[in-house]
Structures are given as structure tokens and as C-alpha cells.
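Just dropping this structure here.
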Amino acid sequence: MLSYILRRLLQFIPTMLGAVTVVFFLISLAPGDPARIMLGERAQKEQIEELREELGLDKPLVQRYGIYLLNVVQLDLGKSIFSQRPVVEEMLELFPATIELSLVAITIATIVGIFLGSLAAVKRNSPFDYISMSGALVGVSMPVFWLGLICIMLFSVILDILPTGGRINARYFFLPITNFYVIDSIILFFQEKDWSYLTSSLLHLVLPASVLATVPLAVIARTTRSSMLEVLKQDYVRTVRSLGVPRFRIIRVYALKNAMLTILTVISIQFGLLLSSAILTETIFAWPGIGRWIYTGIAARDYPVVQGGVILIVGIFLIINLVVDVVYALVDPRIRITKKAE
Amino acid sequence: MNTTIREMLFLLWRSKAAFFGLFVILLFYIVGIFAPVFATHDPIEQNIDQRKLPPFSEGYILGTDELGRDLYSRIVYGARVSMLIGVVSVSIALVIGTTIGMISGYLGGAVDTISMRVIDIMLSFPYVLLTIVIVSLLGSSLVNAMIAIGISHIPRYARVCRAAVLSEKEQDYVMAEQSLGAGSFHLMFKSILPNVLAPVMVQATLGFGDAILSAAALSFLGLGAQPPTPEWGLMIASSRDFVTSAWWIVTFPGLATLFAVVGFNVFGDGMRDILDVRLHD
Amino acid sequence: MKVLDVKNITIGFKDRFGFTPMVRDLSFSIDKGEVLSIVGESGCGKSITAYSILKLMDPHISEIRGDGLMFGERNLLSATESEMQQIRGKNISMIFQEPMSSLNPVFSIGAQLTDICTLHTGDSKKQAWQYGIELLKRVHIPSAGECMHKYPHELSGGMRQRVLIALALVSPSLEMLIADEPTTALDVTIQAQILNLLDELRKETGLTLLMITHDLGVVATLSDRVMVMYAGRKVEEGSLADILNNPSHPYTQGLLSSLPIKQHERLAENRPMFAIPGNVPSLKAISEACPFSDRCDRVISECKQAFPSEAAISDTHRAWCNVLDEGIKDA
């Protein structure tokens, strides 16, 4: 088991290296000279040359790649062209916002998705099945950013019950402690005995988290249903049925654990997609996280920011895949054997 | 897969959902191809006097947008743009992906290892992110968005195709033909291709919907179609400022996108059930 | 005393086009402690019959009609799903053809055994674990304590079938065991071990056994009584000796002539190997005629008109054929 985890870890390194390489070359080859972007169109040729030298842009690409790689290993992702602050520093500041949002979203998606999916599988071909699966189909077919706008229109403009964006009501003077606003406002509650911070931060989470959760929820519900139906067809389910295990218990104890293997993989893929669709959701809801940061980086051609942001998301995505593979091996004893044979 | 075309059509007819999907797809293609016939106005002609007219205003069935353009006509022309996006990006992905999958599955060895390594790296990017990164290299335009979407769809075809080739390779009839002295090229395309077709077709149908959605997202971020192109994602993007004042500008382009993508997804799901294909993804 | 009394049942699949019978007008019974074998080619409806006793088939696509499926005093035809859950595994258990896939791959043997034990005995987890080890010993699994910690993929097919038998034997109030082709998927040497085990268990506990098989070798080892099925119909029924020594229905005769030992005799006499001409008819295409009439070399016109009525050969021995008097050919 331990050797399996180690081997899986070793696979992680070249893939991550490959991803960093791809990001570096794709973005460095993009049209537009960063030095010119920084200095504006009217800058003198000498000034630009000087800055290029300063940024190391005059060196050959391969050499720049080597330097970049060395820096990445030391967790140095360069400086933002616009704010002139180290990318890693900005990233750490914004990251909690994204993690807060995406963890809430994936939790909603997982719990509701698995629940709906297994219920639909159990009540196959019932009205409940049709309605929830049609809902899931609509969920996967919807432009997320459009759903966000519709929700803002409905809940913020027409009904006026939820805020349109931001992480907390701007009236509150707020000095972040952990930068997870929900945690911060709980701390504030204990210090000042004031609920309003917590209510405000939670209310601000509702819309962006629900919108962000929509697609993964729909995909998880569909996968749960189909893999559950697949499992229920298996011989081992017939065995426990022939032994008198009640139907509900078969589903909850026996089938779910088997179906969970497929569902886990889907959850991990969906988490990666969720992190990248955060670029859209955070932009719509003015959520100051990594997604919006990447978006403004793209718009402003701030290439160190884009590189850094993309590498961060890919890194998280790969780590989640790694964790899921390990959990997979823990749940399914066959994996440990077959993977060893590879 | 011994299902003949007639049997397939029969199954399609029986599966009402898939049939509905096919109907929606055809509808959108007809509307897209004959956009000038269906449209009532020029989709990019501005009319400052007629800005933000609500639906059912005289002459404007779905109302007008912030520049006084007819929303209905823009959506009709948008169907043309979205269908084009689907065709171009799916074709790019399908041709390159299938070729990679076929060659690497058939040849195996180092070719297989290297190409699968590349595919793995591509898959280590969440798909939306990969598209964004590629577009930011190519520059923002509709054509580049289509290319980027096409490239980021390659892994799914390569994988599906490779898996199908690998399992077909083990089949008795391929071995039998090989022992009868059939050449590799002949084998690969004559024997294996028809069997790989089913999963690839299903993947392509579902890919259409994905491509339309991604293109809309890219345009929304300003990385795809540029104004004044009547592209649905772009229309949604420019409607952002009107959530408080003009609900129709926000709502209709999104509904059109939703309707089209549902069509492709329903049809793809139906095809998958009919052809009994399992997508290993 | 009859443990199971099946009265004139018809089992079939239903879809939007109607009802397609797979097994027709079937009646049989099993006495306590008896071993009844149902023999027939694959697709003759014997497995469907076994599944129907426990009502394991999806009620949305299948239906059992008839006069009764009496288990003791209870008529299982009218039992609800939750009543059936009370009977399955507790009073009637079943073992299946596919030992390789019939155990859940992600649970250890111990987990699966103790779960079923707590269900049927009301024991605590700890007691159930001990009981599980006992059961594994009873089915002759070496180092039973260790086996409890293993996962199905770590066991051979024969071992898995033993575990499945142990699972089936959990309930102390077990009255009948249905074995659906329990040895078909196993190596020949292992087959004999499993058959010995079943024989031993029924001698020890007086268990009633319903054996479903296509293998006359299995029948000869274990049965008291044999019932031969062909294309959804019962065609002959009798004691083991009746069937082996005096097969009367042309199909049974053909089946016996196909045995390797008989074939060997024929070859030694320079005669060609025996084969029943033709194929088993598709169950969907069956008419009211004798289903064997297309392949039978003694066929007369009556055979094509209706299914033959019962013909008693002796007190224990019956066949459903119009031309029994033709005598035994080649057997």
C-alpha cells in the first residue's frame, strides 16, 4: 500500500513538470511584448530594451525556461507586471477566498448529487427519476455565467434577498485574520458578540456557491445514478438479495461503496473543472479570488499572474487526483494488486 | 456492433428523448443555415431610437438590445455561429484525436507511451482552463477559440479511440485476419475503424454541446467572438449591465444556448444507450 | 412432507408487446431432505424456475402466474417483497453459477459473513465473527480465521464457492438450498470437491436441496429424483434410477447418449458420435406443440398439435410424450 502511494507520488512529479512547461511556453509564446505592455505604447525603444533586460526577456527562451523552472521549485513565480508585487504573495492573499467558495460548492454538489442520484436509481423510471434527471440534464447544458446573471436578476434585483456580489457587506470594516471570511466572522462573533458579520458573509456565499455547484451537482447526480444502476445489476448484489438483505440496506451499505469508486473519480474531475469555472463565477459575483485574478490577468496581459494562477489550479487538481487515487486504493483492495502488476 | 441503420432509426424512434434531441439539433441547423430567411432584421444594424424595447414590441418579437438591434434576429444568426463553432472544433478534435488514439493504440510501445504522456499532461489541466490558456496564446478571436476548443477536446477522442483499438486488437477476427497476412494499414482502417466509430460518434455528439458552451464562456470572458458578432456568449456578456433594467437581453440568448446544448446532450445520451457504448472517462 | 410444492406455474417476461412465457405449466414438489435435480440444456428455463422460487427476477419485466408456489403453508406467489426478504437467506438460500463475481469485491469475507449473520441470527458483531469462522470451517476452508480477513480476489473459484455456500448456510432455520449450476464455472477436480461438500452437508443436516444443472454427471452423484426440462416444459420425471436406467422421453435418451462414456462406446464400435439434430428452439417461437417435435426422430402428427399428456411409466416415473412405446433407441 505504502509503495503504491509512493509510486503514485512519483508519477505526480513528471506530470506537474509537464504542466509547468506547457504553461510557460504557451504563455511566453503569446503575442505581445510584456515590456511594451508595461510601459505603454508611447515608450521609447531604449526604455523598452532596458526593461526587457531587467525582466530577463532578452535571454533565449530555453534559458528563460530554465530560470523559470528553478524559480518555481523555490516557489517564486515572479512579479505581477501591474501591481509589481510578487505573484505568490498576491496568490496567498486571494487563495482563501477561492478555497472557501469552491469547498462550499463541491460539498453542496457532492451531498445533493449523491443523494439525488441514488434516489433516482432506486426509484428508476418513477416521476422522481424523470424530474431529477431532466433537471440534471439542464444543469449540465447550461452556461454557468448565464445562470449567475439570472440568479442575480431573480434573487438580488427582483426579490432583493441576496447580495449581488462581494464577500461581505462593504459597510463592515473588516480586518481579515485567516482570510476565510466565514472563519473570520466566527472569530469576530466570539470577540464582539455580533452576528452580523457571519450572516453577511454566509449570505454572500449563497449565490456564487450555488451557481458554481450547479454543473458538478448535475454531473455527480447523473454519474451516481448510472453507476448505481450498473452496480445493482452485478452478481454480488443478487447474492445479498438472495440472502434476504433488505433493499434499502443493499443500496446504502453494499452498492454505494462499489459505486463510490466511479463517483469519486468524477468528483475529483469536477473539482478541477469547478476551480476553473471559478474564473467565470468569481468574475460575475465580484468575488476577489484566484479566478477573478486570472481573468484580470488575462485581460491585462499580466503573464506572470496568469502563469501563476494556472499552475496553482493545475497543482491543486493534480493533488486531488492523487488523493482520490489513494482513497480508491483504500476502498478497493483489487487496485493495490492490479496497479502493482503494471 | 451489428446494428444496421434501419434498426438504429427504429431504436431512435422508440427512445423519445433521443428523437427529441435530434429534432432540436436539426431545428438549430436549419435555422442557422437559413438564418437570413428566419431573421426579421439585420443582426448588427443599430437603431439608436429603438434601444431596449421589451419583447412583443412592434416589429421586435423578442425586443431589442442596448444598441437597438433586434434580439430575435441576433439569436437566429447566433445559431449559425454556434453551429459553426460546433462543427469546426469537433472536426479538429475528432480528426487529430482519433488519429493519435488509433496510431498509439495500434503501434503500442514508445509511440504509445509518449503520446499518452502528452495526453496525460493535457488532462492535468481542467479542460476549461486549457482552453483559456491556449486562446491566450493564439489571441482572442472566434476562430482561435474554435481551434483552442478543438485542441482541448483531443484527449477524449484519443483515449476513447485508443481503448477501443486495444480491445479490438485482442478480438479473434483481427488476429485471424492478421494470420491471413493482412497488412497493418489495411487492418487498422478496414477492420478496426468501423468498430471504433460508435464510441467516437457518441463522444462527438456530446462534444458539440460542450464546444458550444465553452465558446460561449470564452466569448463571455472576451477571449472568443468579438463585437458586433451575434454570438450567444458575447450577447450574454454584454447584457451584464442590464440585469436591473432589461431582463430579456439577459434571458433569451442564454435560453437559446441551453436549448441547443440540451438537444446535443439528449441525442448523445440516447445514441450511447442505443449503441451500448461505454465511455471510459 | 413437502417442503416446496409448485403448482402449475407459468413464468415469463412482459414488455409493452405482451407476455412471453419462458416456462410453461410447470408442477413439481420436493420432500423434506430430498435432493431434486432439474436437468436441461442452457435456455430451457431451469434457472428461471430457480430464481422464481425466491422471486429474484425484476417484477417490472417478469411475471409468475399459476395455481401456487407453496413453501410449507405459505403461498409465495402472493408474498410481498418484504415478506420474501424474510424468507430469503433465512428459510431458503441459493448459490449461483458464478462464484467469481458473486462476492462483493470491496468487502472482506469476514465483513460479508458477519453482516449476513447479524441479519439472520441477531448475534452481536463479535459473536457473528466467531460464527462466521465456524461456518468457514464447516465448508472446509483451511485456516478459516485468516480467510475472514481476505478479500474475494485473493481466493480461488472453488474457495469462493465455499464461502458462498457458507453464506447460504448462515440461517439456523434454513429449510432448503437452491444450487443453480454450482459447479459449472469450476475446474473438474474442484467440481467433485464442491459436490462432496454439498452431499456431506445434506447428510449432516437433512437439508432439502434443489439442484439446477445441465451436467448429468452432477445429477448422478447427488440426486434422489430428477426432472428433465426442455424448452420451458417438463418432459420427464423420475427417480435417479428411473432416469439413468430407463430414460423414456426421446430427449432424455438423447441427453444420455451424449454422455462421454456412451460416446466412447460408440467410437469403440466404429459408429459415429451421437448428436441430437437441430438446436434448442427459441423460447419466443414456441407454439402449443411438443417443443421437441422438430428434432425428434419419432415425431408423429399429434406431436405437432398439442403438448402430449402425462404418461405414467411406473409409480415414480412419468414422461410427457406420445411415442414412448417405440422403445429405447441407441441408449
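Lettered A, B and C in written order, each chain numbered from 1.
Following the convention adopted for this analysis, a contact is a pair of C-beta atoms (placed from the backbone, for glycine too) under 8 Å apart; a residue touches a chain by one contact, two chains touch by 3 or more.
As the structure is a computational prediction, the values presented were derived from the model and not from experiment.
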>> Need the graph distance between chain B and chain C over the touch network, please.
In response: 2
>> Need the most distant chain from chain B, centre defined as the mean of C-alpha atoms.
In response: C
> Distance-wise, how many Å sit between the C-alpha centres of chain B and chain C, to the nearest whole number?
Replying inline: 52
> How many angstrom between the C-alpha centroids of chain B and chain A?
Replying inline: 23
>> Can you work out the whole-Å distance between the CA centroids of chain A and chain C?
In response: 54
> Considering the complex alone, what residue numbers of chain A touch chain C?
Replying inline: 125, 234-236, 238-247, 253-254, 257-258, 261, 331-334, 337
> In their complex, what parts of chain C are in touch with chain A?
Replying inline: 54, 56, 60, 81-82, 85-90, 93-94, 96, 98, 101-108, 115-116, 119-120, 151, 153-154, 164, 167-168, 170
> Which residues of chain A touch chain B in their complex?
Replying inline: 14-16, 18-19, 22-23, 26-27, 29-31, 137-138, 140-147, 149-150, 152-153, 157, 269, 272-273, 275-277, 279-280, 283-284, 294-295, 298-299, 306, 310, 313-314, 317-318, 321
> Which residues of chain B touch chain A in the complex?
Replying inline: 117-118, 120-121, 124-129, 132-134, 136-137, 139, 209, 213, 216-217, 220-223, 232-233, 236-237, 239-240, 243-244, 247, 250-251, 253-254, 257-258, 261-262, 265-266, 269
